[in-house]
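Look for subunit A in each of the two complexes below; its partner is subunit B in the first and subunit C in the second.
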Partner chain A sequence: MELGERGRIGLVLPAMNTVAEPEIYSILPEGVTAHTARMYAPVDISDEENFVRMCDVGCENGEQAAKELATAKVDVYAFAFTAGSFYKGAGWDEEIARRIEKAGGAPCIVTATAAAQAIKQMGLKRIGVGTPYAVANQRLKGFFEQKGIAVTKIEGLVLPTAVHVGRQPIMKFEELVRAVNTPDAEGVFISCTNFVTLSKIDAMEREIGKPVISSNQATFWAALRKIGVTDKIKGVGRLFREF
Partner chain B sequence: MYGWKGKIGLLVPAGNRVIIPEFYRIAPPGIAFFETRMIVQGSWISEDSNFSMIGNAERGLEELKMCKVDVCVLACTATSFLKGKGWDQAFVTEGEKKLGVPVTTTVLSLLEALKVLKTKRIAIASPWTPDISNRAVEYLEASGFEVVHACSEPIDRIRVNDQLPEFAYSLAAKADVPAAEAVCIFATDLRSIEILSALEKTLGKPVVSSNQAILFNVLRLLKDDQPITGFGSLLERPRTRI
Partner chain C sequence: MIGWRARIGVLLPPDNAVLEYEVNRLPLPGISFHIARMFPVELGELPQDAPRHIPSLKECRVNFIVYACAASSFMFGPAANDELEKKIRELSGLDAVTATSSMILSLKALGIRRVALATPYWRELDEKLLAYFSAGDIEVVHIESLQLDSWEAMNNQTAEAVYRLVKKADHPEAEGILILSTNLPTFEVLQVLEDDLRKPVVSTNQGMIWTACRRLGIQDRISGFGSLWQRQQEGRRQ
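Then we have the complex of A and B:
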């Protein structure tokens, strides 16, 4: 059997990310492999200026990462950088996809686009949003609204650096889901590919009785579907079970 | 948190798509792997080609430092052999200065593995040209080993990872001679983890692959003794009490 004979996913990741690789390998179906290239980016996200700098520098290094992964013959790129894909508003996410596709010569899915697509495909119009960020919440709210999704509440953990984000225990995810689950929300989205979520998505969906979507879950889902892997994977939420 | 027992950083040649799937398949609980890629010029292994890659290692080390890895590996085999003994130790020293955690290379890991297996006479199998295979022999002999047989079947860099595990199996079987106490299979991008146990049963001696030796050595450096069974006798041995 060939390695990755059903498809190979190229993860384009911010350099400090320590969550996306183990999370994708915890759910990948037999026959699919994932390979990572890193985008150098500064890690300070404590204020607006630094947050934008992290996104700018990270995005600038995206094409280099795609070129590296191209030599590993991947079938799809997953630009797994939520902030870097929403921070300039709707349209920028598609622009990033175009740049990566051009540099790497294969289709690219982007986290922010994938999140909006997952939310819409599940028929959700109003969502609560939780993030690890300190300052970018209005940008994310604006992005979803531009995509036609209303945000009933948005709350951040106010973490000072992107490295701190990767060190959060899974309880922080559970707390965030509860905190943004307003009565009028039809579902919850938890942002950031460097924030652990996958192992507790099912449990939180049961607890709140609504769909829960996360950055990594939506990214992996969009990447797998893009290469025609339609397996209904159990244990990682309604999105993977039904869509 | 992932990697609660240990976070391993891998510097890999940009085209590698074997080491991470092999590691995530067999790693014990609590161990997480993070990779960064180094672009390589040229489709055949040579000093020019491999050292165009090493030019990108510094950036890779910076990136893995941001991940706060507990140990870091230069996951390319031939590079260490090309420059002869001493180069990879210097790479390790520089890397450790930068990262503040243990750094190692594939070949230094291999030497640790052979030490644990108490073997002095070895056979080697590689997908390299005879010239590169000879460099491996020189390096290993300078390190106190006797290479009793070297067998190589040259494949250009981009197609090494297209080979099925049976390629490594038959190459290693061909490399083996009665005088060899162990057989080594080289290249981190050559699939072999699936066939190591079967090969050991056929040959009746330990078989060490590049990736298996790396995993053994990084777990040893992390003082992790969780057993891994079914992927060769090396990984079944204790790592911290030798």
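Then we have the complex of A and C:
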């Protein structure tokens, strides 16, 4: 089989992200490859102004990244930037997808859209949400509510920069899941593609007895399903096993 | 933490559809790879685009940078290759190596003085490659090429095609074989080629990542990816 014969995924990634590339390669089935282009963006996320600046600059560089990936003949773009896809509210996520599709000439899935889609497809109406952010939690809560998903609790790690996010140990993911798992939540979503989650999703689902969804998991799932790869990949949660 | 031993930044030609798959299946605990795609696809212009991506790789806090294009680092000759490497080092403040430098370093680490070359290239690029070698002290005893005229075709080659190419490239006088290009898949066949030919086989992606690791003081002797990985070497400045 040629490399990537079943499909090539183009990751459009914020420049400072050090997690998405190793995580996607830890789960890709044979015959699918992933290829990355980076969107330069400042890394300070300590206050509202800087958080928005990171999103603005990153998103502005998205189309250039798509053009770079287009020459590798990717079959789908994965705009793997949670904050950049929810920060302007519902509708902006779809606008980003349209821009990338136009610049790159192939379909695009976007992390925030993919997360909402995964949550809905699993039949969850109320979720607990954990993030690494200091200031963007109300924006993310608002995004989910606009998509018809209630948020029972949202809590952030209050990290000062996006570089810090990429350095968190997997234990932080486990702690966040426990912290936002309220009794009335039907599942948990953990935000940010630069936050490690994949290796412990199964374990946390077993521990809390509810579905756990993360940014990278939902992004990779949506990208694979978009190119018709329906393998039930084991070890990365109910989403991949059943949907 | 991902990349807890080292993070390696990769300056990649945009069309390359092979390197990311290959490097991510190397069994190197704690090593992660982070890609920046150069642009446009015109070969000779890639070195000029490399500086634009240094800030992105610096944001990843990478510890080392590889310039992952063989052709655009050998086609202008040894002086231009050295200059490119120096420029990446200066701009990043990090140690760095080009694909071309790493291939030469890898051949030398294995003590190969007479080499056979296997390439995907067309004639003009092969001639530039031979000119590069003629300025150094490794003798090329034979060259065999796929004569592909598009990058897309190179990215779609199978490991089996590479196996056949290398078998044809072998020569009685060659002490080892070098497979060119970061967009030819080689990892799957490096070990079987060495076993069948009973001589060392080096490829661009293998040599480049081996060089980066040894310079970083990463001394893993991984098996199944060619005898080069059994060689340990002193690290360099960090």
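What we mean here is this: the second predicted complex is superposed on the first by the 243 of 243 C-alpha atoms of A that agree within 3 Å, B and C clash if a C-alpha of one lies under 4 Å from a C-alpha of the other, contacts with A are read in each partner's own complex, and residues count from 1 in each chain.
Methods note: contacts are C-beta pairs under 8 Å (C-beta built on N, C-alpha and C of every residue); 3 or more make two chains touch, one makes a residue touch a chain.
This one's a predicted model, so the numbers in the text were calculated from it and none came from an experiment.
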Next item on the list: Label the relationship between subunit B and subunit C on subunit A in the superposed model as either fit or clash.
Entry: clash
Note to self: After the superposition on A, what does A:Ala66 contact: first (subunit B), second (subunit C), both or neither?
What the structure shows: neither
Check: After lining up the shared chain so the two structures overlap, which partner does A:Cys55 touch, if you call subunit B first and subunit C second: first, second, both or neither?
Finding: neither
Check: Now for A:Ala78: first (subunit B), second (subunit C), both, or neither, which partner does it touch?
Finding: neither
Check: Thinking of the overlay built on chain A, is A:Ile96 touched by subunit B (first), by subunit C (second), by both, or by neither?
Finding: neither
Margin query: Under the stated touch criterion, which partner chain does A:Leu157 make contact with: subunit B (first), subunit C (second), both, or neither?
Written below: neither
Margin query: Quick check on the output: what are the common subunit A residues between the subunit B footprint and the subunit C footprint?
Written below: 1-4, 8, 15-19, 21-23, 25, 33-38, 40, 43, 65, 67-69, 71-73, 163, 166-169, 196
Checklist line | Complex contact set, residues of subunit C against subunit A | finding: 1-3, 7, 14-18, 20-21, 24-25, 32-39, 41, 53, 55-57, 59-61, 151-152, 155-158, 185
Item checked: Partner subunit A, residues of subunit B touching it in the complex -> 1-3, 7, 14-18, 20-21, 24, 32-40, 59-60, 62-63, 66-68, 158, 161-162, 164, 191
Item checked: Contact footprint of subunit B on subunit A as seen in their complex -> 1-4, 8, 15-19, 21-23, 25, 33-38, 40, 43, 65, 67-69, 71-74, 163, 166-169, 196
Next item on the list: Within their complex, state which residues of subunit A touch subunit C.
Entry: 1-4, 8, 15-19, 21-23, 25, 33-38, 40, 43, 64-65, 67-73, 163, 166-169, 196
